[in-house]
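Order as written gives the chain letters A, B and C; numbering starts at 1 within each chain.
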Amino acid sequence: MKLNRFATTACLIAAGAIALSACGSDNNPTSAGSDSTVTSSSGASSSDSTGVTTAAGDPTGSTTSSGTGITCATGTLQLSGSTAQTNAMSEWIKNYQTACPGATINYGGGGSGQGVQNFQDGTVDFAGSDFPLADGDEHDKANQRCAPGTAVDLPMVPGPIAIGYNLPGVKDLNLSASTLAGIFSGKITAWNDDAIKKDNPNVDLPSTKIQTFHRSDGSGTSYNFSNYLANEAKSDWSYGANKAWPAPGGVGEKGTAGIAQGVKSTPGGIGYMELSYATQNSISYAKVGNAGGDFVELTTDNVVKFLSTATVVGQGDDLALKFDYTNTDADAYPNLLVTYEIVCTGGKSSELARDFLSYIVSDEAQNLLPDLGYVKLPSNIQTKVQDTIKGLG
Amino acid sequence: MFYERKRPQRGDTVFRAATLGAAAFLLVIMAAIAAFLIAKALPAIRSDSVNFLTSSRWNPDDDPSTWGIAALAVGTLISSVLGLAIGVPIAIGVALFISHYAPRRVARGFGYLVDLLAAVPSVVYGLWALVYLVPNMRDVSKWLHDYLGFIPIFGSDGLYGKSLLVAGVVLAVMILPIVAAISREVFLQTPQETIEGAYALGATRWEMIRICVLSHGKSGVVSAIVLGFGRALGETIAVALVLPASNVITFSILKPEGNSIAANIANVYGDAGEIGRGALIASGLVLFAMTLAVNLIARGVVARGGNLRRKAAA
Amino acid sequence: MTATSLVTPTTSSVHLTLSRRRLPTWSFPVLGVGVVLLTLALFAVTPLQGRADFLVVVVPTYAVVQTAVSRAVEGRRAARDRLATIVVGSCFLVALIPLGGVLGYTVVKGLKRLDYTFLTHSMRNVAEQDAGGGAYHAIVGTVEQVGLAAAIAVPFGLLTAIYLTEYSHGRFGKLVSFFVDVMTGLPSIVAGLFIYALWVLALGQGYSGFAGSLALLLLMIPTVVRSAEEMLKLVPTSLREAAYALGLPQWKTVLRVVLPTALPGIITGVMLAVARVIGETAPLLLTVAFTASINNNPFHGAQAGLPLFIFSEAMLPNDTAIDRAWAGALTLIIIIMVLNLGARLVARLATVRR
């Protein structure tokens, strides 16, 4: 009698669980079972709405030329790292998974620091990081994980760093590098400070106090912004460049999203964030001073102009870039980052990883970037990255 | 015919062994957890170039490693004590209201409501605090600073937003249902005879409560407070969402400064290397020690309260 | 209502009457209205503004005025009593504001997106700024993780509780009991950190739903042991002795007599432990990682969890994400409420009829 009651309850629970697992679905437009192994020919029936041209009807299905199409593989990719590239990754993953229902790609964000750490620990397949692997301990540990191959940085998602601010009524703001250094080091505390007035002689600035936001987690965006300040405001910024935000004061937030949320909800707030976050949340951003003392507006072209003067300083297959902060071109926006994908060479990357990487470096995928608030890779760098990816196997 | 006491049946031995095994295994697991955590924490403490109890910086993975829990521990204590200071009196008031002031039928309904609220997960409180409390507390903080700014804890630089006060308020809201529910149970168990005796002697309701209910329920209320304190100390998510994550020792609860041990773990565990993880574990152990200390003190208080009552009854 | 005095006072300083003068009932609303009017007048004259300031002035003023009036009319003790009533009543009202606020807020904001799509779709192929998507993967993940944790914690905890009540009478039992108490104080983030460092990293198992279950069961076991122990202790010894007298060995007594009697309480305790653990985010953060797709296998690969889903959506600035966070929060609260109500129901249904 006791057994009957238990048995009934157990059966009910089991039935409920089975029902639960049967009635949900991933959002695959093909709505075929979610883990059928798909070759690209059968996957071609879906995917036209996303602008991805799979080789529809092509019996061999897979093409590897950089301009057209996704090569599908199956399996799961666990990724993490830079939150600056989250919006781009989100879109790319959506496209890739739509074309290849057998692939599951999880991008966990967490910041560049976490990405590098996860990569070294081996808990992710490859990581996104806004700063290349530092020489020495960091690169060695990553190489260890990839042995017998090595770890390389592949630039993939260039993005402008927007200085977002929350000052209702102030639509245009100019901020020179030294003013920015003063604000973010806590020396300038109110919006009507003389330094800001000097940069903006024609703007009516309120006396609101400035609330700065920085990253509390290890962030490549922090690194690149502090690098910009260290290079272009040498006399005002003594903290150097660091992925752990080096200056005192201000409120720490987790992830670029945290900074965006903070600035959006705090009158008088100011923070550094990748452009896509500013545009998505209607946050105004400032014109930024360059080495020549001009104020450069944040437009895709201006960023491309600055990016085109970057040089590759990585060794061998590593494609780490170095920006030229001495650029005095009045139309070159100097505050940006490039998100690298840190991958293993020597056959240690799975087929799905290689196929996904080939997709996101292709023209197709890169062409989506400007609308999302990023910038395409310059074509010379793009070619180099594609060659390295081909050689990953 | 006569029932002989037999040697233990096989079933008995098996069953006894099973239960003993479970209990022993539990002990082994707990010892293993303690050993593992200590083993991970020690290298981090050893490689720390400053005193881990007094420093406020958090750069354990740098070379030289500099980290310390001072700011974290102070922030944890301040926000928890603040939560208690705000939440406990109100909780006791609620419990009194439900047990002795509200009409019978309504009281049961309120009781259910309070129980339900005790079950709301902390992430929901955190979400509510982030979206509703932080913007609205700006005005309250400003008000406090304007009128009470001469008291140091209400000092401010003019910037309001995330702060220890907001964290305190969230914690108060979170522990309120727990403390209220347990206190209510305790108050309801006041012996009816004492209550009737007090009324018979002409006591007003408040006097009856003071004489009978509160004094009888003292130790129960203390355990409730301790439970609430423990929850407040260990609260991670709600606090991580409303603290400004700035590792500074601060006693002014209105400033956007302050961090707590649990919130720090949640924020930086991702990019922590080997030493960094050890440092986080060390801070977690300190938190655990704090909770343990509070629990032991409470046990002492409750035991003494029981002893006193027994002595008084004798 | 006044009672007639039975003893007339001999001197005016000694009140030996059984009657007291009481304030008539109409005085309370009159006083209340008076205070409100006074405050409004005050507000018109001074720079005080706003609803919050209004409440902050009205309530204490009313308390002070009421107490003063009461003291003058009814005497000191009665005045104190009235003051206590006001304080306790306002505590209750003050408590209602945030508690009702949290629940109400969640319901109102959550209903916006709580629909069939939300409950049956995952976030796969949905970018954060898109308005679609749902929490199905998180719901499945949570059910599996908590289910696994409970499946291990309950038998384990029950056996330990049985040991503590039936078999142990010495120091070993006290030791176990003490350490169970110690474990109740384990902060959830430390449990998560432990599993992360040991299972995910040192043993190289990677993120999985099962790692989350491991962290959760560390939190569940002490609660299950404690509440089961309480319930087992409540079973009257006479029942046990009767069973022994009829010749049942100890193990049969426990299984056939003691357990079924204590069962409703134990089930309640278990379901409450489950309800508590279902909302834990911190342990999941470090062990279960992140995925936007459905993962039905808790032993391999990252899985989503409902508290994690709420947390990660809440940290994004996109309005669509915040909407999803609220809907997820409402789902979670509903699940917990159902569990709580179910616990009470089971307790009532499963009570052994004597």
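Everything below uses one rule, namely that a contact is a pair of C-beta atoms (placed from the backbone, for glycine too) under 8 Å apart; a residue touches a chain by one contact, two chains touch by 3 or more.
It should be emphasised that the depicted structure is a prediction, and the values quoted were computed from it without experimental measurement.
Each chain gets a centre from the mean of its Cα atoms; the one farthest from the centre of chain B is A.
Counting C-beta pairs in contact, the pair that comes out ahead of the other among B-C and A-B is B-C. Chain A and chain B have Cα centroids lying 38 Å from one another. For this pair, chain B with chain C, the centres built from the Cα atoms lie 13 Å apart.
Of all residues in chain C, those that touch two or more other chains are 201, 315. In chain B, no residue touches two or more other chains.
Shown for chain A are the residues in touch with two or more other chains, namely 80, 254. Taken together, the chain B residues at the contact with chain A in this complex read 59, 134-135, 157-159, 161-162, 240, 244-246, 256, 267-268, 270-273.
Contact residues of chain A toward chain C in the complex are 2, 5, 17, 20-21, 23-29, 34, 76, 78, 80, 86-87, 90-91, 93-94, 97-98, 104, 106-109, 121-123, 254-255, 257-258, 260-261, 264, 277, 280-281. Residues of chain C touching chain B in their complex: 52-53, 77-78, 80-81, 83-85, 87-92, 94-95, 98-99, 101-103, 105-106, 156, 159-160, 162-164, 166-168, 172-173, 175-176, 179-190, 193-194, 196-198, 201, 218, 221, 225, 247, 249-252, 254-255, 275-276, 278-282, 285-286, 307, 310-311, 314-315, 322, 325-326, 329, 332-333, 336-337, 340.
Within the complex formed with chain A, the chain C residues making contact are 119-129, 132-133, 136-137, 139-140, 143, 147, 200-201, 204, 206-207, 260, 289-296, 301-302, 315-318, 350.
Of all residues in chain B, only 3, 8-9, 11-12, 14-16, 18-23, 25-27, 30, 33, 36-37, 40, 89-94, 96-98, 101, 113-117, 119-128, 130-132, 139-140, 143, 173, 176-177, 180, 204-207, 209, 230, 233-234, 236-237, 241, 262, 265-266, 269, 277, 280-281, 284-285, 287-288, 291-292, 294-295 touch chain C in the complex they form.
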